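These notes open a run of structures that come right after.
Next, two complexes with subunit A in common: one pairs it with subunit B, the other with subunit C.
Moving on to the complex of A and B:
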């Protein structure tokens, strides 16, 4: 391989999906134990392991623990996930032996809709009792989001997907109902001594969002080519754009080379 | 043969009664007992109650055929090869199916309780979500939590205080004990010892939780071979009731060490499953149009199957084209 070219790529030299993967990879702290879902999360953790977090390890919810895939898995149950894993176990190990007992530092997740508190819907559109459309459902998303210390959502930015309230809370954000009564409270009050953290960032094709002390979403960085106002126009709630810290750093040429030549050379998630 | 009785695929299908509660081995599009699922459709089973950690192509084959009355789970789709579960979605939206949503960790909790002979299992997973919204307890809404069906608990969940270490509120999830576990395994011994040679998913839990277990195995091998490395086995012969030996019986789902997921086949099924008419046409060709699993394999063709065959060292195929490059 040629020398690492750590110069930043220019507009037009990378696709939106590349920036999503790179921005997500930058959320990984070296040494993190990372729980990742299918798709972009896989690209993010594998890229991070090659660039900045060589000691980060990856858990996939079907049961592979600290695998070292040499071919990109297409789903978390894929045989490829378990290549050179420290354990090829199952869901009891992943959800209880790893997540519930407290090993997981960071999780990458996805969703169809999100509200300003970071509650995510992957279940239905419309009234749950008479839904207009069914999505896949929760899977492990709410479990992982419940008990990982930090979670990062990777999503498509659209006005209809960034909402004041989601139709169904599949996955717990910062402010949510405490069942069976349903009082709307901070996540800390729902989880009590099980509380470990929550949604740290949301990364879309337009920007990177974080959450304030009250658990309300704000725009942190805006991707090159967009303005904060454009991002705000693509939210249906009144997005806080007063705390924007700058522009999202584009991918480096080295990161792009890794993504296309080593992480996804077959073009599975990066067409 | 030891304790597990060896039977044919047709005999296995005939054991399942309309209305039975079923659970499955595998994870989404991996290690599903597909040949047996096709056989259930061929035999016209109705009103099935599925309880599963997640759904996949097998769920959609049953849902599309109108065989499912209750689906208790948390996810359905075909991963990269079909993003939704169209049959379940139609069933839920048209209200022809009762869908009871959980999270992965909560379904696992119910299976663990069932597997270990406990009435419930505690968990702090997915608190504060609409999964726990009492308005959305669909089995209760259908009047099915009255205790008349021994497979349906009186409550979806309850919240309890930790009585021991003051950890506060925690969920108690009721045990699940399905009538049947329908399991695909890569290897079963001639006395029934079972091995999967891969990630275990929730196969061992499903086997223990179910009243009766049917295993469809890629191959039956001498038990002595499996007993020479007992640490690799996940179930004993006496926990399995029936065994069917049937190579390629997880197709189109994948089986590590044997064959990969048949992506094109699942993609085609997924597009067909978007309408009832599309599903019926697909089923006419691939389920009713073949009389046996052997005919199904002949229809798929050797060259197709050879492409899927796993590399013996890596455990997955290196010859399938998976992406755009």
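Moving on to the complex of A and C:
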């Protein structure tokens, strides 16, 4: 291992996916209990554990608790997840034994569409009963998003994906329908004493978004090479860009080296 | 008929070993069926192929519509599904499920993982319903987007599907706010694939247990396919390591490589090119038909399947100690 080069990489020296992984990894606080899904979330937690959060614990929904994978898994049930795990069991032990009962601090999730309240759709485009396009369905998305203290969504930034209303609310955000009536209220009102938090950040290939006191999305940092207006132009709703705190910090050379040489040397998710 | 939640008395036979075709013969058209494990690991793939070969139809699938299920959906064996996932992790969306759903030929009904787990647990313990916070605020609770009626219509045994999907009430005991009453999720049959099983049905799993250790108790017929039948006596030397008790199991089928192309920890790794080829092929009707012909219908025996894969390919997948998978690097 060469000396840690903590200088920031310049434009052109990293790919959008590298910045996504690095920005997501930076959301992990050392000691967090993290629930991660397949893909970029795996890169993020494994990178975070190597860079800044060695004591973060990762739980994969298929039932491995605090595994320390030495090879990148292709799914959350992959035997790679369970390498050096404290326990390998099943979904019950992960979802109820860890998540529902309140151990989980942070979760990484993905989504196809999101609205300004952080409601996420991973189920269908169009009418649910005769969809134009079907996606993966919820997976663990709504359960994890509802019951972790903080969640971070990693998504592709496109106008058609950042919408006023999503076609199907798979995963509840900050303001959500209260059934049976379906009127939109704050999450706190629906979850009552079970309320623990919600969407902390949305990270896309253009910026990092957070939510204000009302539960409405705003742009926090913009990735190098983009302007806040460009990000706003890639949202269907009227994105608040008045609170931009600056530019997203690019990856360091050390982070890039870890990503490509240690986390995903086989190129499972990285190009 | 007994109470829905009473376990069907399993025959306390000394030997439950049968052939794969005999076992799958017990699956009826219209059954509510749960295929074991998760996404692309330890899937009962040989059993799924046999279901296709025996041309089962109108099956209602539970839990996920991933690698094993997608093949059955593509082949027209399943009509509906209640669960939460129609993808194959790194390999993308479940291609046949998407095609059939978008064409209106297959009927998904959404619930969440917590619902599946808790529904299975409720069926296991014989409780008609349980309470949870799962899916509050999501469209799972939107009654305009509910296919419970379709599931009842399609089920062979209509008693297997609850009259409705959920009921919302205020917590009457601890005053914690809104809770969802979730009906139990019994199944007509469960098929799981394990690393080892004994002739009386005791089974041992390595790696993720997924839903299997609960779902076997929620199903009225339980088939265990296994990499290796070992003497019951061997498994019983260390009973703490067994997750499936003999009392839950009706039939045991030995099928080496029976989880291919999924991963079976300790035995072999995921066959990545095979799954990629399937996912690409199954995007169209023609591609799927070609694939199912090549790998299922035109393959006359398990031996022929393994010969077609070839010894060097299988050797390249064989798991290594101590990790239990095949390191790609």
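Everything below uses one rule, namely that the second predicted complex is superposed on the first by the 271 of 271 C-alpha atoms of A that agree within 3 Å, B and C clash if a C-alpha of one lies under 4 Å from a C-alpha of the other, contacts with A are read in each partner's own complex, and residues count from 1 in each chain.
Quick note on the criterion: a contact is a pair of C-beta atoms (placed from the backbone, for glycine too) under 8 Å apart; a residue touches a chain by one contact, two chains touch by 3 or more.
What you see is a predicted model, and the numbers here were worked out from it, not measured in a lab.
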On subunit A, do subunit B and subunit C fit together or clash when superposed?
-> clash
Is A:191 touching the first partner subunit B, the second partner subunit C, both, or neither of them?
-> both
Identify the partner contact of A:244: answer first if only subunit B is touched, second if only subunit C is, both if each is, neither if none is.
-> neither
When the two structures are overlaid on chain A, which partner does A:29 contact: first (subunit B), second (subunit C), both, or neither?
-> neither
Using the touch definition from the top, say if A:267 reaches subunit B (first), subunit C (second), both or neither.
-> first
Should A:17 be classified as contacting the first partner (subunit B), the second (subunit C), both, or neither?
-> neither
Taking the superposition as given, does A:170 touch the first partner, subunit B, the second, subunit C, both, or neither?
-> both
After superposition on the shared chain, which partner residues are touched by A:89: those of subunit B (first), subunit C (second), both, or neither?
-> both
Common ground on subunit A, meaning residues reached by subunit C in one complex and by subunit B in the other = 38-39, 61-64, 71, 74-83, 88-92, 95-96, 100, 123, 128-140, 142-143, 146-147, 168-172, 176-180, 182, 187, 190-194, 265-266, 268-269
So in the complex, which bits of subunit A are touching subunit B?
-> 38-39, 61-64, 71, 74-83, 88-92, 95-96, 99-100, 123-124, 128-143, 146-147, 168-172, 176-180, 182, 187, 190-194, 264-269, 271
Contacts from subunit B onto subunit A in the complex sit at residues 26-30, 53-54, 73-77, 79-80, 83-85, 88-89, 92-93, 95, 99, 101-106, 108, 112, 123-136, 141, 159, 166-170, 198-205, 254, 256-257, 260-261, 263, 310, 314-316, 318, 321-325
Across the complex, what residues on subunit C touch subunit A?
-> 37-42, 65, 83-91, 93, 97-98, 101-102, 104, 108, 110-114, 116-118, 121, 132-143, 145, 147, 168, 176-178, 206-214, 263, 265-266, 269-270, 272, 319, 323-325, 327-329
Within their complex, state which residues of subunit A touch subunit C.
-> 38-39, 61-64, 70-71, 74-83, 88-93, 95-96, 100, 123, 128-140, 142-143, 146-147, 168-172, 176-180, 182, 187, 190-194, 265-266, 268-269
